[in-house]
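What follows is chain A paired twice: with chain B in the first complex and chain C in the second.
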Partner chain A sequence: MSGAANREQVFPTRMTLGVMKGKLKGAQTGHSLLKRKSEALTKRFRDITKRIDDAKRKMGRVMQTAAFSLAEVSYATGGNIGFQVQESISNNARFKVKARQENVSGVYLPQFEADINESINDFKMTGLGRGGQQVQRAREVYSKAVETLVDLASLQTAFVILDDVIKVTNRRVNAIEHVIIPRTENTISYINSELDELDREEFYRLKKVQEKKQIAVAAADAEAKAKKLKAEKERLEALESKKAQLEAAKENGENVKEEIKETEEAKAGVVEESVVEEEKEEEEEQSGDLVAQTEDDVIF
Partner chain B sequence: MALEAKNRTLLACMGDDDTITGMLLAGIGQVTTEEGKETNFKICNDDTSSDELLKTFNSFINRNDIAILLINQHLADKIRIEIDSYSNAFPAILEIPSKDHPYDPEKDSVLRKVRRLFGDS
Partner chain C sequence: MEGLFFNIDNGYIEGLVRGYKNTLLTSSQYVNLTQCDTLEDIKLQLGATEYSSVLSDINETLSTSLIERKLNNKLIEEFTYIKSQSNSTLTKFLEFMKYGYMIDNILLIISGTIHNRDKSEILKKCNALGWFETLPTLTIATDLTSLYETVLIDTPLAKYFQSCLSIDDLDDLNIEIIRNILYKEYLEDFNNFAKNELPTPSNEIMERIINFEADKRSINISINSLDTELSTEDKLKMLPNIGLLSSNENIKHQLASITDLENLQVLISSIGIYKDIFNESTANSNDENGKSLEDFFYEYEMRLNKDAFTQQFTFSTVWAYIKSKEQEIRNITWICECIAQNQRDKINNYISVY
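Then we have the complex of A and B:
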């Protein structure tokens, strides 16, 4: 009867949880109703057992009286009338019983009632010679006795039926109390724990995802910053170099002039002069590009 | 169960000579020619064997028109096991005293059940 084993085999979903909660509620309502039914029946049952006890004792006395009246008949008629009585039985009983239903908390208890058909008399001839009065008396006494017996029989039948029904009801009550309710509760707690577990899992997963996202964002930020820095640095460098170049160009220009002067003066080789001119052109092109670049940056 | 009780109108009796005579005087007797339902009473003496008692008892409890079966207690003692293990509601079995054997509540199967259920109330 471990907690894990004593539960229903269900998928732990919210729907099943709802179903189980409904089931638990139903079981509790049914339990209280059945318990009340059982109590009502038990009350009735105790009442009946008490009456049975009394009726049985009464029956003992009544039967004694009846036996005595029969003895009187034997004495009066001077012999045994048994044979005569047995021979005069007709095909329809004078003394019959009628069953009436009584409803106790949904249980039908039969109640027997004496149903005497006065028009039937099988013993007209009995005691015709002697003791007719005693026979008549004995008939009445025995009729009364049998009525008592019929009452007792109803009680006894009710007792047997109630005993059965109470057993069944108590079995149901106990089954609900000790099996169905704990099992449903176990199932509910199982579903709850599983759902909690899923929640925790989901939460952790989200947390992880967020963490990853943050790392990615941080990395992207750092990259962008680095790029910006680099770009700034490049711009600075470019500016520096432009400045330097411009200065260099200035100097160069003087140099060229000087060289030209020198060449003019010294009338040196043509090769050297062309190289210098090429360099000059290149420097001029580069400085133009740089100016364009710096302008772009500024616009940004 | 309601229908079952409706059709049961007769009383049956198993007992000694005097008991049967008394019951017949009260008018419970019914004699028919129908198979298995010839009489609803049976005279049993002290020398009636328990086998025969059992046969009569079974034939009475299997009839569908008997509501109550009366049986003398001293005869019931002979087939006590059968009577104690009988648990149907219909027919109701009632142990009655006979002239020679006074009633003993301690032997009655229903009263014993009552006592067992409620201690010694």
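Then we have the complex of A and C:
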């Protein structure tokens, strides 16, 4: 039972998963119902087997007496009476077989019943001269024998039919139990695994995308920083040059002192700003890891 | 005086038949037969008797019917031989013996004709003892009218048909009724023949036997017809006018009109020799091992037949021998049947008098 071979060829989607689960449930219900049917039939079957056994034994006895009563007839009449009996048969049957149907767990079993019309007797005259009593007795014994045969016939037919039905039912039960249910289960687990696989792929993809994004962001930041530093530098240089100009001009007056002070203060502010920005970036990276960890938790 | 010229014509036959009679199975041989376990054993036992020749060439598996057929063949052979050696009165007597079987055969064919059976098949079922030359021609007739007019009229049995049946009867009447009417006519005719044409000891013995045969039929018919809707007139037609029961017009009428078994038994028991028939027979009870009415009749008949051998210079020895032989075949068949079907508790129901 290799996993890939013993499953249905389906696309592993959530919808098929739903369908398969429904199918599994249906198969299980069907299995228990069929099992019950098979048990009921088997019970009946055993009963019939027993009755067939009885009937066959009875038939053995009855047939023996019947055959012997025929021997008595031939002894008493002293000859071949068969022809007389054959010829005196009229069109009205004395012994009729009626058939009706019986329903056992949805199986129709024919039932035969003997129906004897006592008023019809074709052989009343047979053996009138001699052996009449033996003829009548043989007739009665044979009627009984035929009755037993009719009983046996209906049992035997039921036996054959039930046998077939039980075989079919058992085959179905086994098919469901050993083929359909495992296959459906396999399909379900296959769909599940495929779905998980998809999930993982999706997650990994997302992570990759995020990573790329971060790299891009970092690059952009660095560029921006460099630009800024360059700008600052330029400003500093500009200030320096201004300072130099002012110092040069110091000699020119007190007001210039104040301007120098201003530029120095501005210089310190620029340095402070750049340090704060660097710290911020570090913090962002840490929180990104945390998100990744929680996402992993969700998946597994 | 009666024995004086008997041997001129019939001495050989009588000697022959008495010789045959000695080959009939005895009680001890029957006992041996009943001890057998298989049909093979039976064959072995019969091998020590007259039947060895007919049974030795059986190659197929033994069956009751096969044995019965072989034994019957021997009987027919013997009868044919006796008949071919006979002349004058004895021939006539033997013809009369055949008539009984002929009635059965003709009725077989008539019923076959009514039901459109395959003719050749029916012919096979005919009793060979009742075979006569025109029997096959009976099968050619396709309808009853032509059967009667072209064929039956030429058979020795035509007189029986003539006196009691019209062509219409053949159509409506039950074949069994026809059979019994014919048989009645036959018995009466036979009785007439025996009384008037046979020499002295033969006629007495034969009359006794025929009368018993008639009584047997009367009793059987009256008992077996109890449950049927046969009218008293119909029954009267079937009861022979001879015999202890039916020669008395009063008793005969009662026989035909009584409709319940008990009264019938009382009536039949009132005749001396049949006094014990219902005590011994259990035809109406459920005791399976008891003797049936048929057993009683067979046994009585066999006693009569055995007695027939005690007189010399009689034709009746032939009758007695043939009947004894028939009974013997029935006995052997019965024993075979019991062995084949493993019903040993009834195996001793055969009738042996020799």
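For the reader, a short list of remarks on this structure follows.
Assume the second predicted complex is superposed on the first by the 200 of 300 C-alpha atoms of A that agree within 3 Å, B and C clash if a C-alpha of one lies under 4 Å from a C-alpha of the other, contacts with A are read in each partner's own complex, and residues count from 1 in each chain.
The definition used in the following text is that contacts are C-beta pairs under 8 Å (C-beta built on N, C-alpha and C of every residue); 3 or more make two chains touch, one makes a residue touch a chain.
All values reported here derive from a predicted model rather than from experimental measurement.
After superposition onto chain A, the partners chain B and chain C occupy separate space and fit alongside each other. Once the two complexes are overlaid on the shared chain, A:E113 sits clear of chain B and of chain C alike.
In the superposition on chain A, A:E39 makes contact with neither chain B nor chain C. Of the two partner chains placed around the shared chain by superposition, chain B and chain C are both touched by A:A67. Once the two complexes are overlaid on the shared chain, A:E185 sits clear of chain B and of chain C alike. In the superposition on chain A, A:V85 contacts chain B only, with no contact to chain C. Look at A:Q133: by the touch rule set out above, it reaches chain C but stays clear of chain B.
With both structures placed on the common chain, the touch criterion links A:E177 to neither chain B nor chain C. Note on chain A: of its two partners chain C and chain B, the one contacting more of its residues is B. In the superposition on chain A, contact is made by A:Y75 with chain C only, not with chain B. Minimum Cα separation between chain B and chain C in the superposed model: 5 Å.
Shared interface residues of chain A (contacting chain B in one complex, chain C in the other): 64, 67, 71, 80. Across the complex, chain C meets chain A through its residues 64, 104, 108, 111-112, 114-115, 117, 122, 125, 127, 174-177, 179-180, 183, 216-217, 220-221, 223-225, 227-228, 238, 283, 292-294, 297, 326, 330, 333-334, 337-338, 341-343, 346, 349. Chain A meets chain C in the complex at residues 64, 67-68, 71-72, 74-76, 78-80, 83-84, 87-88, 121, 124-134, 136. Those residues of chain B that touch chain A in the shared complex are 1-2, 5-6, 8-11, 17-33, 39-40, 43, 67-68, 70, 87-90, 92-94, 96-99, 102-103, 105, 108, 110-111, 113-114, 117-118, 121. The touching residues of chain A, when paired with chain B in their complex, are 46, 49, 52-53, 56-57, 59-60, 63-64, 66-67, 70-71, 80-82, 85-86, 89-99, 101, 108, 110, 112, 115-116, 120, 122-123, 135, 138-139, 142-143, 145-146, 149-150, 152-154, 156-157, 159-161, 163-164.
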